[in-house]
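Shared chain: chain A. Partners: chain B in the first complex, chain C in the second.
Up next is the complex of A and B:
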C-alpha cells in the first residue's frame, strides 16, 4: 500500500522544518498540546491554592503563610477537629451520603432493569423522564423540592429526611445510566440461558443478573456517595437549621462571616473523600470486569465521568 | 415410548404487522437430528425460540411427547438451548456453568458432581473446570455451552447456529463431534443454521425455510438431488436454472428449451412454462458434434480455475448460460474460451421445478443477498 512512502515523506519534511505550520498536516499538533496543558494548569490552580492555604501557619486565608497541620488537628477550637460545628457538618454530610447510597442504588437498579425491559407505549417518555434530573438546573430542582416539602408534603417538612429524599432523587439518574450501560453489555441472552436451564425468575435475578451487574452496582454506590457529599444547592434548600448543615453549607456560610484556614482544611478533606470515591469506583469496576472486552468498561466509565461534572 | 418427540401444529408468530413464522407444521420424531436451514429472517430462529419458550406463539401448538407446552414457561420445559453467542455466565467458573441447571433438579450433590464430570469429559473440557469463561477460546466456550445444556439430560436439545462464530476449520471438527454426541445420547437435536454444509453433513432431515414457511423438508440427499423449487436448489449448492416449457411424456416429461427438446426423468406438478434445474457437476461437456439424446451445442465463454475443479461457463445454442464443474483430475480435458462443445444435460439429473419462472427469478435475487451474508 502507499502508506509507507507517505510516512517517509512526512519524516523528511519534519526534519527539514520542525516548526508547526498550517501547511504541514504531518507535524505534531504542538499548539493543541500547549493549550491543553495551559487549561489543565489553570483549572487546577485555584484548587491547589485552596489546599495550600489549609496548611497555613497563620490565620490568613488570603496569603500563604508557613506550614502546619493546626487547622486540621490543632487543639484550638477553630480547627476541623476542634470546632464542634465543623465536626457536626462533617458527620451530617457523611450521614446524608450514606443514606443516599443505601436508598438510591437499589431503587436505581430496579428502575434501570424496568426501563431496559419496558417495550411499547410510554417507554420512550419514561426513559426521558428518568434521566431528566441529569439536565435539570439544580437550582430549579432544589426550589421545586423546597416548595413540595413546605406545602404538599409539609408532614415531612424540611430537614434530614427531605435532604435524603432530594439527594436520592437526583443521584438515582446516575445509577440508572451506569446500570443500564452494564445491562446492555451483559445482554438478554444470559437471562434466557438461565431460565432455559431451569432457574425460576427470582433465581435468574439473584444468581445471574445481580452478580453480573455487581461492577455497575459498586460503581453506582461510590458515585452516589461522591455526588451527595459534594452537593450544596439541594442540601441548602432542604435544610431546617444548624443541625442539618452539611460541609459545603458550613464552608459557604463561614466564608462570608469569619474565614479561617480551617475551612480550607475541611474543603481539602471533602475533596479527598470525593476523589477517593471516584477512584475507588473506577478501580472496583475495572477489577470486577477484568478479562472482559475493554471497550465497554471504558465507555461506561466515560459516561460516569462526564455525568460527574454536574 | 422414547422421549423427545416434537410436533409443531399451525405455528404462527406475528410481531405487530410483521409475520415472522407463517404456519409451520412439523413432526420431529425422537432421536432425530433435525435442521432448520434458511437465510436470515426466514423464521428459523423464531421457531426455535418458540420451542424453547422465549417467545409465545401467536397461534398454534407445540407438543412435546404429545403434551402441548406452548403455555409452559421456559424454566419448566424439558428442552435446553445452546445459544449462538454461548451466553455463558462470566461470573462463574466452567464447572459452575456446567452445573448451573442441576441445582434446579432434584439431584444429590454427589450425583451432580459426577454428572458434571461425565459431561465435561464427553465434550473434552475436563481440564478446564476451574477456569473463568473469559479465559477460554471460542471453541472451548462452545463446548461449555454444550455441556451446560447436555448435563440436564433433557430429551430435546435446541441449537441456534452454535458454530456460527467459529472459524471454518474448527467448525468442521465440531460438526463431527456434535453428530457423535447426538448419536451417542439419542437426544432429539433441533439445529438452526444458514450454512448448507452443516445442514447436509449432520442432519437426518432438513427443512429449508423461507419467509416464515417451510419450503421443503426432506433427507439431505433428497433435498440436494431433487429440490422442488429454485430457492431450495440455489440455497443448497449451486444450480443452473433454465426457463423451459414442460410437456408430460411417459414416466417423465419433455423439456422444451428453445429449439431443443430434452428428456427429463422428473414429473412436475403441472405441465407448461416452468424452470428446469441441473447441478453444475452433472453438466457433462463432450466434444463438439457428439450425438445423442439431451445434447445441446454450445461455446465455452469463460473458464474459472477453482482449485480442485474448473468452473466452465458455456453459452448454449439457445442463448442460455450453463455452468459445468469439470474436475481437475488429470483426465478431463482443459477448456479454453471459444471452444465449441456439446453439452450433455442428462435426463436423470435434469429436473423440472414446481415454481413458475418469475417466482424463480425472485428467489435467485433473494439468494444473492443471503450469499453475501
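Up next is the complex of A and C:
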C-alpha cells in the first residue's frame, strides 16, 4: 500500500545513476503503459457509448443521433417514465436494494463480530459457511433458492420476498468481509480498556465497538445496495412474473429484441444509482476514518469485492 | 471470561439465515436431484437420504460423459473457459503489473478506472456490446474497417460477418471482457504486496530486469495469479447470460445454459438439479482452494 517511498526510491535511483536508464527496472516500460490505457479504454468505452445513446434524439440504439432527454422523461409511452414496465422495473430494483440493505447489514455486522471473537467448537465450519456464498457460482446459488422456495418453503413462494431473501443471503458475506477487515484494523485494545474500566459487555459493544465500526457499517450499507441493484441471476430465478422484474432482468429480456434507446436510459439510471451509492460509500468511509493512518480507502473498498458476475 | 459465549450468540442470527437459505437451499438441490417427479412433471424432493433415488443423477452423469447428450456442451464449456482465462491472464497481468508498480502519479486514477467496470452491472456491460456489435453498430464497423472480421474469418474463428450471430469467438471475448476486472484486482493486490526490497536485492545482486521479473516477481505473484484465475473461472462455469446475450445459438451454449434450460425451461427440473449437483462437486475443489487463499490473506492482515 505504501507507494510513496517506492516512487521516491525510483526517482533518486534514476537521478543518481543515469547509466542505468536503459536497464533500470524502475523505468516505465512504454508498452505496459500502452496496454493498460488501451485496456481501460476497451473496458469503459462501450458502456460510455451505451450511455451516450440514451441521450439520443432519434430511435437508433446503435448510433449517436442528436441530443435529448426524451427517452428518460418523454411523454411518449416509450420513455423510462412513460412506459410502466420500465418504470416498474426501476422501482422494483430500488425496493429490493433498499430492503436487502436494511436486513443484510445488521445481520452481517453481528455475524462478523461474532465470528471474529467466537473461538470454539463449530467456529471453523461457521467461517467457511459465511464465506462460501462469495465463491459459489451464482447459478448454483440461485437454483438452490429456487428449488427451496418451490418445495420446502412454497408458502413463501417466488416473488418479492424470495428475491429480497436471495439478495440478503449473497450480500451478507460481503458485509462480513468488510466489517471483519475493520475489526482487524481497530484491534481489541480500546474494547479491552473499556472492559477494564468496568463497562458491561453490551455497553462495550454499543458505546465502543459500534462507533469504531461506523465507517465499515456505512460502506457495507451502500455496497449491499450496489450489489443488489446490479444482481441479475438471483432476481431472475426468484421472480414470479412481470411485476417482479428488475432493471437487469428488463435489459436482459429486451437487449436483443426491442431496439429503443429507452432501454439505454434505464440502464443509465441504474448505473447512476450504483455509482452514487459507491461514491457516497467512499466519501463517508473517508470522512469517518479521517485522521487515521490511512491505507488508501479506494484500495480498501477495492479489495472487498471478490465475487464475480454481478 | 464469562462473556465468551456472547460472541456465539452474536453470530447466531446470521448463521441461522445462512443455514436456511444457503445450506438448506443446497440440500434442496440434492433432494430434488435425488428425488422423483409426479405425473405433472413437478419435482418431488426426497428429503430423507434413505429415500434417495439416484436415477436422475445417473442420467445426468451419462449425459456428460463422452457419447452423452451433453458431452459436446461440456467440451465447449471447458474450451471457452480455458480460452477466456488465458485471455484474462494475457490482458490482466500486464495491466495489474503496471498499476501496481509503474503507474506513478496516475496510480490513483488508474486504480479507480480499473475498479469501475467492477461496479457496472455485468448485464449492462454485455448489453453495451449488443449495441456495438449489431451489424450497423460502431463495433462491427470498427472491426471491419480494420479488417479484423476478415482476419478472423480466414482463421476460421468467425462465420460470416455477424458477430452476434452465434459465434463462439464472440462469447469467449465477451467472457474475457466480462470477467477480466475480477482477475485484475486481486492480482493487483498481490503484486502490490511484493516487498520492493526483494526486487532491489535481485537487481543489486546483478539480475537484469527480465530475469528479476521471471525469477523473482513472477514466482512471487503465482499465488495471486492462481487465486485470480479460480475466482473468474468459477462464475464462468455457471454463466448462461453472456452466451444468451452474445449469441443465443445452441451451437455456442455452455453448461450453465443447459442447467438454466432444465430448471427454468421445461419439465426436467430434477435432471437440472442433478446437473447442478455434478457441477458443484466439480467446482467445490476450486471454491475451497480460493477460500483458503482468501483466509490466508486475512490472516496476514491480522498478523
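In this section, the second predicted complex is superposed on the first by the 269 of 310 C-alpha atoms of A that agree within 3 Å, B and C clash if a C-alpha of one lies under 4 Å from a C-alpha of the other, contacts with A are read in each partner's own complex, and residues count from 1 in each chain.
Basically, a residue touches a chain if its C-beta (ideal position, glycine included) is under 8 Å from a C-beta of that chain, and two chains touch if they have at least 3 such contacts.
Nothing here was measured: the structure is a model prediction, and the numbers come from that model.
A.B. asks: Count the residues of chain A touched by chain B and by chain C, then name the partner with the higher count.
C.D. replies: Looking at chain B versus chain C, the one contacting more residues of chain A is C.
A.B. asks: Once the structures are superposed on A, label A:212 by its partner contacts, choosing first (chain B), second (chain C), both or neither.
C.D. replies: first
A.B. asks: Once the shared chain is lined up, is A:53 touching chain B (first), chain C (second), both, or neither of them?
C.D. replies: The second partner, chain C, only.
A.B. asks: Should A:78 be classified as contacting the first partner (chain B), the second (chain C), both, or neither?
C.D. replies: Touch status of A:78: no partner.
A.B. asks: If you stack the two complexes on chain A, which partner ends up touching A:203: first (chain B), second (chain C), both, or neither?
C.D. replies: A:203: touches chain B, not chain C.
A.B. asks: So chain A touches chain B in one structure and chain C in the other; where do those two contact lists coincide?
C.D. replies: Common to the two interfaces on chain A: residues 201.
A.B. asks: Which stretch or stretches of chain A touch chain B in the complex?
C.D. replies: Listed in rising order, the residues are 187, 189-190, 192-201, 203, 207-208, 211-212, 214, 291-292.
A.B. asks: In their shared complex, at which residues does chain B touch chain A?
C.D. replies: Touch list, chain B to chain A: 52-54, 73-76, 79-81, 83, 85, 87-91, 100-101, 103-105, 132, 134-135, 148-149, 152.
A.B. asks: Inside the complex, what are the residues of chain C that reach chain A?
C.D. replies: By the definition above, chain C touches chain A via 3-4, 6-15, 17-19, 21-26, 28-29, 31-32, 43, 45, 47, 91, 94-95, 97-99, 102-105, 107-108, 110-132, 134, 136-139, 164, 177-182, 185-186, 188-189, 192, 196, 199-200, 203, 208-209, 212-213, 231-232, 234-241, 244-245, 248, 256, 259-260, 263-264, 269, 272-273, 276, 279-280, 283, 287, 290-291, 294-295, 298, 301-302.
A.B. asks: Could you please specify the touching residues of chain A with respect to chain C in the complex?
C.D. replies: Touch residues, chain A against chain C: 1, 3, 6-7, 9, 23-25, 28-29, 31-33, 35-36, 39-40, 42-44, 46-47, 49-50, 53, 61-63, 107-108, 110-111, 113-118, 120, 122, 126-141, 143-148, 150-152, 165-166, 168-169, 172, 176, 180-181, 184, 201, 226, 229-230, 232-233, 237, 247-248, 251-252, 255-256, 263-264, 267, 270-271, 274-275, 278, 296, 298-299, 301-303, 305-310.
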